[in-house]
Structures are given as C-alpha cells and as structure tokens.
Amino acid sequence: MSRDAGKLSLILLFTPFALWIALLIILPQLGIGYVSIREKVGINQYEYGFKNYIDFITEPVYRNTLLRTAWMSILVTALALVIGFPIAWYIAKIARERSRAALFLMCLIPLWVSDLVRAYGWIVLLRETGVISMTLVKWGIISQPVEMLYNDMTVIIGLVYTVILFMIVPLVSTLQGMDDALLEAGYNLGGSRLTVFRRIIVPYAMPGIVAGCIITFMLTAGSYLTPILLGGKNSSWFTEQIYNQFITRYNWESGSAFGVSLLIFTSFVVWAGLRLTGQSLATTVAKE
Amino acid sequence: ETLRLLTWGGYAPEDVIAAFEAEYPDIDVEVTLSNNEEMIAKLRATGGTGFDLAQPSHDRVYAAQVEYNIYKPLDLSKIDTDKMTPNLLEGVKANTTIEGEVYSVPHQWGTTGMMVNVAEAPDVKSWNDLCDAQYQGRTSMRLRRTILLATAFGMGKDPFALYSDPAAYQQMLDEVTEKLIECKSVIKTYWTGGDDLSALMLSGEVVASESWDSTAFKLYGENKDIQFVPPETGALAWIDTFTIPRGGEADDAAYKWINFVLRPEITKMMSASTGAIAAVPNGIELMPDDKREAISVAFDQSDLDNLKFFANIPPGIEDMEGLALERIKAAN
Amino acid sequence: MQGSAGLMWIYRGYVVAFFLYLVAPLVAAGVFAFNDSMFPSLPWNGFTWDWFFSPSEPKLGLFHDDRLLQGMGNSLYIGVIVAALSVAVGTCNAFLFVRKDFRFKSALYVLMVVPLVIPGVILGISILVLASTIAGLADQWFGVFLTSLRPGIPLVVMGQFSFLVTITSLVIIARLEKFDISLEEAALNLGASRARTLLTVTLPFLFPAMFSAFVVAFLVSFENFNTTLFLVGSDSPLTITMYDRMVKAGSTPVLNATSVVLMLGSGLLALLSIFVQWPKKSA
Amino acid sequence: MHDLSCQNVTKRFGTFTAVSDVSLDIPSGSFFSILGPSGCGKTTLMRMIAGFESPSEGDIKIKGESVVKLPPNKRNVKMVFQHLALFPMMTVGENIAYGLRCRREPRHEIGPKVARVLERVGLPGNEDKKIDQLSGGQKQRIAIARCMVLEPDVLLLDEPLGALDLKLREHMKIELKQLQHQFETTFLYITHDQSEALVMSDNVAVMNAGRFEQIGAPKALYDAPASGFVAGFVGDATVLEGKLGEVKGGQGRVILKGGGEVVGTVSDSAKSGDAVEVFLRPEALKLGAGAEGCTLSGTVDSLLFNGASSRILVRSDGQLIEVADPEQRAGATEGEAVNVSWTPERARIFSRRSGQ
Amino acid sequence: MHDLSCQNVTKRFGTFTAVSDVSLDIPSGSFFSILGPSGCGKTTLMRMIAGFESPSEGDIKIKGESVVKLPPNKRNVKMVFQHLALFPMMTVGENIAYGLRCRREPRHEIGPKVARVLERVGLPGNEDKKIDQLSGGQKQRIAIARCMVLEPDVLLLDEPLGALDLKLREHMKIELKQLQHQFETTFLYITHDQSEALVMSDNVAVMNAGRFEQIGAPKALYDAPASGFVAGFVGDATVLEGKLGEVKGGQGRVILKGGGEVVGTVSDSAKSGDAVEVFLRPEALKLGAGAEGCTLSGTVDSLLFNGASSRILVRSDGQLIEVADPEQRAGATEGEAVNVSWTPERARIFSRRSGQ
C-alpha cells in the first residue's frame, strides 16, 4: 500500500465528515449563538448584548418551563428505565433466539408512525368520550365518563411511550453481550437475586443504561407534539416556548437565546449524568 | 406553472382547485395550510419567497410588511376590485397601504364569537360566561391573542383604543392575564384547531367555547342545538385578504386565482368549505343554505352593527401579548 | 437461577401488557379509519372503506386526497434522499473511524456522536437561522434569491441529514468493526484489486448494516416533526401536512386511514429488513 | 463419607436425555475428572451439582446431605467456569471478596482473607489490578482463588484450561494439581482433553452420550479400557475394523475389512461373528515381524519426528498405522517396506462402536 | 533455484524492530516451518512475503525474482490465514473460484478447476455449501483449496490449526503433511506449537524476538539445539540454573544455584564462570543413581500418568524435575526417595537466556 494512496483516501473520507460537522452542526450552533446576542431595539435595528438571556432568566415563566421540562424529562427517563429494563432483560436473556428478533422488532412499532399519529391514538383512547372511558362506563366500572387527557400523568405516559424504544435498544445490546456465566457465578458464590442484580447486572449494563438514559432524556426534553397534544391546557413545554418565539412572535433573537439555553441545560444534565456514572459519551451512546 | 398558496384550512377546497385547474390547465395549485402567525413566520424565514399568494387577516399585514418586507405591492388593475364589497375593500386598503402602495385586497370575512350548545347552556351570552363556574370543565377557548381581546371586551374595556398606548395596554393585559389564569380551572382545555373544537362540541364534552363563526356554522348542520352566539359586547370581525409575497414567482396566476374565487358560483363553493362570507356585495346570499340558516339564527341586524373589526396591530404589541399568553399557559 | 414458575408467569404477563401498551394507540388510531363517521371518535357507526377509496367530499378518501398523497410523495422523496445520503456519508465515516488513524480522532468521534444529544428543535432552528442569514445577506447585497437556502425540501433534507448521519454511522461502524480485515487481505492475496476487494468482499459484508441503517433513517425521516417543522416550505412532508390538517382544518378519519397505510408500509419495511439480515446473521 | 455423591442422576430436556442414570462418589480431598467428548452432558451434570439445573431423576448429596432442593446460592460447592466468568467491572480484590460479602463476613476479616488466598495462588498484592490487566494463567488462578476463599466442600471446574494457549495449558495442568494438593479440597474437573484428565486426576469417569462408560484410575482406563469408546478416547490408537472369528481363551482372531487376519484380546462381550474393532496403541507396536496374526506388513509413509513422541506412519492395505518411534531411533526411511508387530495382549478387541 | 528466499529482511515499526535481519532459502517443494513464541515476528515476516507490509531493509525473492515492489495482488504467493478468512457471503465454490475470476480465467474453465481441487482436498461436490455449514477441518481444507487452485509458487500458512480443537488438530497435522506431498508445492508454515513444526516440516527455523536462532531439520533441532532458547522451546526439558565451573573436553561442571554440582556438555560458547542453564530432557533421565555429577537425589512429588508420555515429578532442592516414565512402568510411589541420573552427553549446558 503506498503512503500517498493512504493519504488520499484519508482526505476523501474526511471531507464529507468535515463538511457535515462544520456546515450542519457547528456553524448553525454558532449561528444561533450569534443571533441570540442581538438585541432588537427597533424596527430592523439591533445591538449586541445579553438582554435576551437576561429576559429569559428574569421571567419566571420561561425559567419555570425549562425546569418543568427538565424535571419531567428526568422522570420520564427514570420511568422508561424502570419499565424498559425488564423488557430488555426478557428480550436479551429469556426469549429464545427466534422470538427475540420478533420481540425486538415489536419494540420498534412506535417508530412506524409519526409522533402525531401516536398522540392521536392516545387521544382517541383517553379522551372523556374515548374508548377507555366509554368502555369502563359500559361495563359499569365507573358511572360517569372520566377525562384522562390534559394532565401530567397522561403526558408522561405518552412521552414514555414515544421514547421507551430508545431505552430498550441499547439495553438489549449490552445485556446480550453479558455472559450468563457471570450471573451463575454470582449465585454460585452465594449472592442472592438482589445482590446479583445490584452488584453484577447493573454495573455490567451501566454503559447501556447511561446510553439509553441520555438518548431518552434528550428526546423527551426536545419533544414537541406529545406534550402539547396530550397536555392540553397544562402542557407548557420548553420546546413550545421556542416554537412560540420563532413562529408566533417572529422573535428569532430570543428564540435563539432559548435554544442556546436549552442546549446548555441539557448538555449539563447529560454531562452530570455521565460524571455520576463514570461513563463517557464514546463508551455509551457511541457504543450501540 | 405552479401557484403556491399559503392559506387557511378550508380556503382552497378540492372542488374549487379542480375548477380552477380546468379553466387554466397550465396552472398547478399547491396548498400549504397555515394561520396568521405562521404565515408571517414562514414568509419571514423565506424572505418572502417560496409562495405566490398568501391570505393573512387584514390587521396582520401592515406591521409584518414594515418590519420584514415580505410582500410586494398589488397591481390593482389586474384585480376585479369592482366586484368586491366597497366598504370591505376600502377598509382593507386603508389598513394595508404603505408609502402609497396597496398590499392587500379582501377575500372573505367572518367573526369570532362563541359556539354554544343551547340545549345544555342556554344562558351563555357574554365572554365572561366561558369562565362561569357552573360550566366547570365544560368550556373551551383558543389560547391566542383573540381571547385576550375578547376577555378585555368582556371586562368592559376597548383594547383597540389602547393600541397606541403601550403602557396602558400592558396594564390591561395584566388584568386579562389574571382573569384568564383564574378561568383556567373552569375550562376543559384550549382548543387548537377547528376540528379539535368540533370534536369537543359534538361529543358533548364542551358546551360553550370561543369559536370562529364558520366552525359553528358547520356544526349547526350536524346538530341544531349547536349555535353561534355573538357575545353581548359584539363579535370580533376579521377579513382575510389576498397578499402577494415579495418573492412570488407566479403573479399572473395569483391574480387569476383572486379573480376566479370571487366569481359568484365559486364563492358559493368556497363558502361551503370555509363557512366564511365572501367579500362581495351579496356575500351572505351566496352562502349555501344550511350556513345561511345558521347565520340567520346567530345574527340579527344589531349584532351585525355591533361587529368589532380587528384594528391594525402596531409593532411591539404582539410581544406583550405573547408573554401574556405564555404566562397563562404556564400558570397552574 | 431458576425462577419459580409463578413469578415467571407474572413476568410474562408484564411483557404481554407492555406490548399491548405499545400497540394500543396504533390500533386505536387505525380502527377509526373504518368508522362510518365524520369524526375519528366513538360512537361506532359501522364499517366503511370510504376513508380510503371514496372519490368525493365530504368523505374524500385518502387515495383521492391530492394533498395527502402529495405529502406522502414528498415524504417518500425526502426520506429516500436523506436515507441515501446518510448511508453514503455514514459509510464514509465508518471507514474513516474504523480504518484510518489521524490526529484528534477520539475527539472527532465524540463530535460525530454529538448531534444525537442536540434536541431536534435546535437543529431545526439553527439550520434555519444560518441558512436564512446567508440567503438574507445574498438578497440584501446582491439581490439574488438563494431559494435552496430558504425553507423547502433542500433545507428539510439538510436538517434531517444532520442528525441521521450519526445514527447511520453508528450502525455501520458497529458492523465494520466486526469485519475481519484478513478477509480483505485474503482477497488481495488471491489477486483482487483494491476496488474489486471493496465491491466483492467489504461492501457485501456491510450491506445488511447499510440496509438497516437506510431503513431506520428512512423511517425516522418519514416521521420526523421537530426538525422538519421549522424547515418546510410549500412542499410539506406528510407529518406536517397531517399536522396542518389536524390543527388548522379538521381531522376526519382520513387521517386515521393515512395512519393505517403508514403502519402497513413501515411494517412491511421492517419485515423486509429482517429478511435482508437473517440469512447472513452468522457472518 | 463422600464429599459429593450422585445417585442415578438423570436430566432430560424435553425428549432429549442429556444425562442418563449417572452415579458417582467422590472421596474427600481427591481430584476427580469427568472426561468425554463435546456434548456428552458433562456441563449439564456439573450444573445440576451447582444447582443451575435440577435433576429430572436421582439425588445429589454433598457431605451426605441431599441438596436438590437448595438454590444455587445456598450450596457449598463453588465453580470455576469455562470462560472463568470473572466480574469485569470489579478489581481482583473485589472479585475475591464478592462471596465473602455475600456471606456478610465482617469487613475487617475480608481484607486479610483475600490477601491470604492471593498469596496461596501465588499472586500476592494484586488486589487492585483490573481483570483485563491479567494474563490468561493469572485469571485462572484468580477464578480459583475466588472460590477457594469460601472454603467450599467441592470445587467444580468446567474445562478451565480450554481457553489457554498450548504452553500455558501444559504448565497449568501441573499447577492445578499442585493447588489441589495444597488446598486439600475435593476437585471435580471436567474436560474433553484426555491428557488433562489422565495427568491430574486420582479418578476419571469417562462419559459418552449422557452415560458413564467407565470410572477408574487413569492407568486403569489406559491399560484396561472397558469399552471401545474408552479405548479410542483415552490415549492414541490405530483402529482396525473387522469381524470377530474364532475366540479361544480370551484371544480372538479378527478378519480385517481390508483383508488379512490379526489376533488380539477380546476385551468386552463381543462374540464370534460380531463386527469388531482392534485397538493398537502406538507404543505397543514394533517394527519387525512378530508372531503369526500379530504382524501386518506395509511401507513407511512418513516419519513424524516429535522427540520422545515421534511416530512412524506405516501404510498397510490403505490404512495408516501409527507406530511409536521415540526420538526416531528406529532409523526407518520413507518408502521402505516394513512389518509391524505386537503381542496379542496389547491388541484389544471391542464390539464396533455405534455411529462410527 | 529456491522458490522463496529472503535476504537480510528487517522490519521496523517506529523504533520497534519486529523482524531483524532474517535470511532464509526454501528449496522447491519442501515444507518449511517458522517456530517461535507469540509476538516474535512470525506473522510480520509472512505479511512481508505476501506483500501486506514492505520490509524496512533486505530483499525478498520468489522464484529468483525480487518482489518487494509488487503489490500483494500481483505476487504468486498465496496465504492461508490464521482464522482462514473464508468469505462468509460466498459459497464454497465461489470462494475457490474467486482467485480464478480475479485472473479473468474463462468461465467454462473455472468450474472444472474448482471441482478438481475440491476432489484433491477430499471434498468433491461441495461447491454449493455455505461456509458456515462446514466443520472446522473442512473449512481448513477449503482455505487450502482456495489457494492451491491458483497454483502458487509458495503457500503461506499462518497458524492455521490454532482455532481447531485438540483431537482435530492432531488429525489435521497429518493431513496437512499429506496434502503438501500431494500438491508438491512449497509450504511456509508458521506456528508456536513445537509439535506441529516438528511433525510436519522438512526444515524448521526457530525464531525469537525477531531473529532466527537456528534453522535445521526437526531432529537436528531437538538433538543438537544451538542455543538455550532452542533447547527450551523445542521439546520438553527441566532447566537447572547455575554457574559454569571447570570445562574439559567439551564437558563442563556446573555449580547449581540450589546447591550441588552436575556435569554436562557445553553446547554454546559459554565459558567458565558464566551463568548457565543445564537442559535435561525427560526421556534422557532415569531413576536410579548414575555416574558422579550425573545424579540428583530427591523425592517423588507426583506421578503424572499419560500413557506413553507419563512423567514422574521429582522434587530436588525445591526444583521439580520431569522424568519420562512411559506407561508408568518405573513403579515409583509418591513420597519415595529417588535418584535421577543421566549421561553427560544428554545434559546440555547453555549460557543463561536473557530475560528469564
């Protein structure tokens, strides 16, 4: 292999990567960073400064919405982990070879339709005159139709639904890599179920858990339709604020500031999560 | 060539498009559904390109054009302005003339008021009734600027008069905000689209709501108890217009469309779909029968005289309103 | 450890309940496509195919609804382009990170993963802002309309591409890492040229991963909303068309019918991807 | 009393019987091996003893008490897994301490115990190493230490040398044997490598298709195999197929498939007329003519030098016969015509093995 | 003319020298092995011959012509890879046809050629099998067939038996040797398993840390190793460390580290006063007293039964000495006090190996 050919192919392979990262990821982020420090002082008149950020910090509505979004996202992430782990375990360790692929594929079902249709499906099921409420009335379990939409619980159910697949996939792939002999060794040396779970399974699955949590958290924090459509009157979500700034208030400057704030905030949460678990991006998310 | 319409849901029904394309076989109509805010946002993002004809409401053209320069002046000679209701035409022209150039002509008008299931809630008469505790969990509204204005009227204020005085306007907004936050526990949910509202009303989940008249007229056909009720303080009236984006590439087709949809036989089809009243002299008579009946049930002459036309929004007001809306949304 | 049989049944029950949870909203959304009513909700008025095949208003069926069909066409078009581009670049990235050594490799690798942890909304607005700024300057200074930098299909493609490449790269990298480099050496040793080796040995090995990356990218593109929302122009993809329809016009069960078609389509695609992967699994 | 005994243990998976009616008794402190080809049921038997499977029939006793009802974490048998199953996320010290912690031994006793067992396996002071910093042989020893620190009644080892390379394996064979001496614990060792089983064990059970074919000391298996399977599996042998003819005083005459007749000792219940196999160990063969029926003639096909284990391959009637030729002292040359001979006692005749 | 010759080939990776000044000449049609421990540079040397690396210094000639400038796909040396590298997405037939197709042989000739080579490796009619339907030994043969169909000048084999299990490996050793006979092609074989190298090869080069220590026929390496490394690596041996004392007529007296003196043959340039090692092959040792300086006394530590290769481990001054005891005929018992003796010619004295 000649050295020049190696150089040339390196350049050829590097170019698309560099263009992609530079033009579609880095420059646009710098772009909103730049726009976010422009202050509108009049029609088509701008100055530079941090007023947009100051507005963001001083207005409790925005702050609280961001905190609420983060808090609910963490909750959704935790729920997805708790609900998804047994499923991932089943797929990776209990199901037979053949049903494994089928089950795995079934986990992808939510991906088959858009967020919109999923939310739409939930609405059909959960609204006051929806399938569940009406069925319960019909069976005499409840006397009055109940409204199951427009509260945080529903938003959480819907969000967990949308993201749980991204929790299960990395979990399955790490758990599949685990030799059953490790578990058996754990029991053989005297461990109880709990000990084996706590000291062997969890540490082993940690990269998968962290990867799943990061992706789930990011998707939740960045979701738009599900909280809006299922949350109704009580659904304030930070992406909606960004949307409002951009679409209903044409205020790109503060919208960009919101965007940058969201990015900084979520990056912080991800960083903190990685720190706490002693993992890194490259060993978790990238590993799948 | 292609005519790219940026318009409201229902404003480009398939049968009208089919008729248009039959008459002008070389024109292809492509439709993007939108609303006032998104029309402006979209055109701002495209720098006025990407669409050939937009239909913002009359009060939303001026500020957007001054600030973002997204429209181009109309060539009135290409429009059959003589077919339009003169006072609507003049009103719109007055609202949308900048440096002597006219940017919009009227298309249809309608009102925003309340939709009420009169069998269940016969007493709903005023904007304030939407927040009446006796309808706990059975009313609705759209969390947009219209409801801010409506609530202000309901509180006995005239928001349009305060447009010129931002501080007073803010003061008014604060009161409105407070009232709507209180109201939150009464209403079932905020509706976001005509369909959403229809489902709520038809299923009986909601018995009274802020509504476009057109939506109410549609439901009247399904259930005669569901009627449009103009509030005591007057229904809010809007005129949706024709406006050509600055980067429009099919002006001739756009003018053809404008003239086409104002023809009497087309107006009828259009109104059947939109439920709104064409800006032509005998607009109401050109409505399909069921809609006409619904209108006559809803309005008497005094209601028509009491219409409150939206006034041009000066720049800056919308930011204040936006924040108010967000506060309401985020409140618990 | 052998669990007790009873526990095992509870566990199985849980798994079944979970999958019911997964299909429930889809079934709910799907069933009302066949309800003979103007509204996608109870009561059940009887079975109908109208929402698929009826040729005229008011129950304009999906297959006669030009705008939904147009939206579907746009989504397909965007999906295929985006998926093809992301697989192509993902493959390059895979070769770059698996086969090549260069400075700052591990930092750049992390950078490659980063788009996954940027919320889609932000990708959408940031690309919108950048592209608009450039187009705006071009307009202001030179008076040219750079339409491809204005909201529209090209921008949607860029927006979706920006994060899909990460996904396709990860999928293809995982496969390429399992590739035994001695297979390539064996081919060279048997007299094949580099190009032939790539075509007959390496790419066939990568193909299942490239295919499933394509399918995933296509599906994600098809259902993407958050990024696309800010970047659409007049040719909206299906999700946006449906959203507009739902929020701005009125959702009739035709939207349910559309969902049914989407589910069938995605289901078939998913099945196809198993068939592509299965026989070669042992490789 | 026996440390471990199995009585008529059977294990069925569905209709397939993986272990069939196996009984064994292992005396305290001895090194017992189970030797058999892949898939014969060795691991299944061991997993029943450890408690990961429960027997379909039969009983398993440890120190005289039946354990079939006990869950695996309550049995005092510890296991060294085929791929060792060291916990990759723990250090060496944590791995060894794991079992002690599960037992809730007081913390201050754990440290010294870990240190002591590490010393005994010859790796003192390695507590803080990561598992992947260890070489194959070191991992092996940690896996044993992890079990031995718990002072089990029986240590089970499932082909623990399988993953090691050749030289290391030779070395570890001897080391394992020494460790067993040192700990004086009962070892139950599984392998499909006959030399491992022979070299290390006090007793070996030869297993085939779920059953024990023979249990005995290594030399007994080698010198007096009870079946064709054992004769073929334990030690090298050239196998000649034929039909048993006349049998006289334990000696039989076999008409070979390839033609010719040979004489040997009938070692199982084969009867005149049965299809049989004659097993000839390389070291039982000599170049040069022998008694009638104890000679085959052929040509030297190749000389395989391997020090003390050198062989001559002699081709006779299309069959290759391995003849021991320690250090190539016989001086044969390739292509040369030779006779190969043996004494009738060292040619063993067994009924033909099924499936071969 | 030699099919393959290397002249002073050196390969450096950065500052590390993987192969250092290696020269070899392989006569046409012979079986040549390179034997050395892991990491000594065997694969690197082979990769240079195949063209995947280029030498830092020196020249490589195939059939007398230098090939260092030729890309790998232009060299007529074919290679059997360590893990075989059969193309999993192709059938057996396609795998074998691959090289012919690359050469653009006419289609109608490819089929028959593939069929013929399959027959020669004993797998006729298997063209349409998938690779993963083959057993380990069959894969092995397909990998060889895939190369041999191209009629290479030299066939390179990089530890091809490494992945096989024990019994199969024993079998394939003999089979490979037979195949080489049959194809009459030059084989260059790499291994770290001395028994493979000894059994199959006409000549063996023993490699250590990038250099050749000795090239010779198997028996020569075994009987007359040129260095301590070769003596230790080829064949088993007990090694006693000490200091060379008086040397007389090729025989030297070594003062052992553990105490005591022994006599042996000085086999390299070690001089009186040097640190040395004495190598004793197990089969050179006998129980019972011998001449003065040719006896060590100790106790029997263990008896390792392994048929013809049985050993007695004798512990003497803390050192374990392996004594051959074919079929355990010596009748020693554990714990017994014994003497171990040898003849001075069979105790080889070499300078101490570095790093040990």
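In order of appearance the chains are A, B, C, D and E, and numbering begins at 1 in each one.
What we mean here is this: a residue touches a chain if its C-beta (ideal position, glycine included) is under 8 Å from a C-beta of that chain, and two chains touch if they have at least 3 such contacts.
Computed from a predicted structure; not experimentally measured.
Graph distance from chain B to chain D, where chains that touch are one step apart, equals 2. Highest inter-chain contact count (C-beta pairs) belongs to A-C.
Chain centres here are Cα averages; for chain B and chain E they lie 90 Å apart. With each centre defined as the average position of its C-alpha atoms, the distance from chain D to chain E rounds to 26 Å. Note: centroid distance chain A to chain B, computed from Cα atoms, is 37 Å.
Per-chain Cα centroids separate chain A from chain D by 54 Å. Within chain E, the positions touching two or more other chains are listed as 52, 71. Counting partner chains per residue, chain A shows two or more touched chains at residues 127, 129, 184, 187, 246.
Shared contact sites, meaning residues of chain B that touch two or more other chains, fall at 203. The residues of chain C lying in touch with chain B in their complex are 38-41, 57, 60, 65-67, 70, 128, 132, 135-136, 139, 145, 147, 150-152, 230, 233-236, 241, 244-252. Within the complex formed with chain D, the residues of chain E that make contact are 37-38, 165-166, 173-174, 177-178, 181, 192-193, 195, 198-200, 218-219, 222-223, 234-236, 281-283, 302, 304-309, 311, 313, 320, 324, 326-328.
Residues 50-52, 71-74, 77-79, 81-83, 85-90, 98-99, 102-103, 146-147, 150 of chain D are the ones touching chain A in the complex.
Within the complex, the chain A residues that touch chain C are 9-10, 12-14, 16-17, 20-21, 24-25, 27-29, 31-32, 35, 83, 86-87, 90, 94, 101, 103, 105-122, 124-125, 127, 129-131, 134, 161, 183-184, 187, 193, 196, 214-215, 218, 221-225, 239, 242-243, 246, 252, 255-256, 259, 262-263, 266-267, 270, 280-282, 285-286, 288. Chain C makes touch with chain A in their complex at residues 1, 11, 14-15, 18-19, 21-30, 32, 40-42, 88-89, 92-93, 95-96, 100, 102, 106, 108-123, 125-130, 133, 158, 161-162, 165, 170-171, 174, 219-220, 222-226, 229-230, 238-239, 242-243, 246, 251, 255-256, 259, 262-263, 266-267, 270, 274, 278.
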